[in-house]
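Worksheet for the structure shown next.
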């Protein structure tokens, strides 16, 4: 039956031309090739987000009066609403985590090097967009924690010199965080960011398909010296089936997390109440937040927070353009970049933990 | 100034014109400020003769246009002491304590006069005062008792609605305590002086001073203010009944009411005390410390059995409510939604409160009725909490089944991959 | 493709794989689709939003009587006056938080805890309550009595 369908489509679209390269595509196998799965896992978690997000959209109301109650309605009255909502919240966090793992694995396996610079750039941009998803989505249940975390977060964005204030007003939909912010964040979360991510994702995936999987330099060198050592696996069906197993493990983990550790509703936000003590952003922003907290309020003549924000922005820009810092003498800059990567990873972990336990 | 004087020296008409002009200017500048020689001198004097204009300007009488001479007589326009404080101007000097009530009453008991200032003000304070312990003792010659200025202060009298007033409800107890808590001062009267200290530990003080509930009682609420007399032993429950309506109604119909009256016992005060009234607890029904019933009743008699039954019922309802609270909290922290049941818990607590009021009927059957209403609600909420946990367990079973399905799939995939690659 | 499949002899091993794979696909997809399908069906209690609630059905209340209903996380009091007017107010007494009730003999709202009295507009007219009760809007929708928070001007 599938064969008949395939023939019908092929007569009209000449599918063979498209499918053939996929049939021949291979994935190198070596000691470190397990890291290749993380990109696909991140993609799968994103698909889970889109699907559960669409389901939630059927009941959610993006107005300050009704947002919290609509989420409460979903979690308590809608059949399996608790499951869809908790999966959406857990998958968001898991996706950001796997995105970081994927990025660091690409860094340490040196997959960003020529000719894959554009893949790295599109990937880092995707990471920023995904963190934007996290930031905008966090506000949508309109609870106290989210309200104040958004206030603090947009406040920090406002510290950038020159463009900071207009940017903050743009994000907030006004000078303060209000129902207008909620509507705006909802628009970002379900329309603007998905649109941007789809475009960047298409570019990212096309590049990966076109250029194939990168092999770490040492392995590449060994294989060049001795071609008989080269091991490869067919992408379709071998790699894909393994990827499918990883996806099944992911969905199982999500279900378990949703059932065993359901996501809290919190308390409805009161815009005129004072902020509770110890407001912190979500864990994936903690390392930046904690860094900013450690910077003294005035460094020489520059305001500490401004310096911190600028520093973070510069670090982000540097990270984005990382592949272009590899000079013609790859060996030395490679070690240098590996060292930087280790430092960055350790820094992110230490600062996140510190931010979590700090008062 | 000297220059001006020299310049106008030779011209009589222009000089008086300028002088008149200057006085006119001064009068314009001083418009609204009548000359008050009393304050001008006395504001610089030390106590007890000192009264600053700052202090006096806070006084409601000053704000209504009265001055020193309104009470003390004299002539406020003159700086000459023999004129200002002369008998020709009717100067009274320091008013003798025994004459203060009549002096204040000369305006405050005159409805026609007071109507001009505030038609809703009462004018029977003096008449009430004459019925009070203070008023009677004053007439008999005791000048240690309170007169108007002891409570209302003097020279900076504020209306009682002003939070800074000494007779504002929040401050009344402190004002009374100035004499009534002073053991030395009160020695000759033979009455206790611990009322203020006790009141400060009471639930009424907590409501009034801490929670700011101005409907809570202070000294004057139960004793009266101008006609202050302790309520008679047989009238205490009337006083309490003003707020604690249901307890009083039930008590009035109960056996205790008649018995206490016959024995000359002070009603509510017998169990609840008077000044240091604490939040009542179920322990008052017990036989241990804090228990009040066994002070009169014999162990094992009909009343003791009723007491035990009431206590047991109350304890059971209290425990069931707590159990339900715990179950609901557990369900909530496991991610289940139980807000409906939580709201219903308020009704159960209301039933318990009602049951505790019904104690004052001293009939175990009536208390039991209220308890049963509460038990039904609390039991339903406890069930809701337990049902929520069962639902939670169902979810885990569902999860387990799903994970089994996934495990089967994983095994299948693995076998298939192995087969493909062999 | 189907014809080829049937022609080859089935081995036990292949049979096992078929069971696991086929069964796994079916079972896992069912366990994903079942919650999603149930999710898509609107629940019987329709979400009206946080601002309104169906307090009662027309005919539930007799004239000159009141009933407690739930509004969000707090109780509300729905009153049907003798002339057929519906009134809805917050049922939490502003004194110490007890639940008030409608007294058909007084035609006023009464708090049993300390004898506080409110008129039917919610104004505190006697006893300890320091503030009026919040009033809500009431509309009839078909046979439902719908109570909603007052629209801000």
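Each chain gets a letter, A, B and C, in the order it is written, and its residues are counted from 1.
Going forward, a residue touches a chain if its C-beta (ideal position, glycine included) is under 8 Å from a C-beta of that chain, and two chains touch if they have at least 3 such contacts.
What you see is a predicted model; the values in this text were computed from it and never measured.
When every chain is represented by the mean of its C-alpha atoms, the one lying closest to the mean of all protein C-alpha atoms is C.
The greatest number of inter-chain C-beta pairs in contact is found between B-C.
Distance between chain centres (mean CA atoms), subunit A to subunit B: 59 Å.
Taking each chain's centre as the mean of its C-alpha atoms, subunit B lies 40 Å from subunit C.
With centres defined as mean CA coordinates, subunit C is found 37 Å away from subunit A.
Chain contacts: subunit C has residues 28, 32 touching two or more partner chains.
Among the residues of subunit B, those touching two or more other chains are numbered 339, 402, 406, 409-410, 413, 416.
Touching of two or more other chains is recorded for residues 83, 248, 251 of subunit A.
Chain contact summary for the complex, subunit A toward subunit C: residues 1-3, 55, 58-59, 61, 65-66, 68-70, 73, 77-81, 83-84, 248, 251. Within the complex formed with subunit B, the subunit C residues making contact are 13-14, 16-17, 19-25, 27-28, 30-32, 70, 73-75, 95, 98-99, 112-115, 127-128, 130.
By the touch rule above, subunit B contacts subunit C in their complex via residues 213-215, 243-246, 339-340, 342-343, 346-347, 350, 353-354, 401-402, 404-406, 408-413, 415-416, 419.
Remark: subunit C residues 1-2, 28, 32, 35-36, 38-41, 43, 45, 47, 49-51, 72 touch subunit A in the complex.
Residues 334-335, 337, 339, 395-396, 398-399, 402-403, 406-407, 409-410, 413-414, 416-417, 420-421 of subunit B are the ones touching subunit A in the complex.
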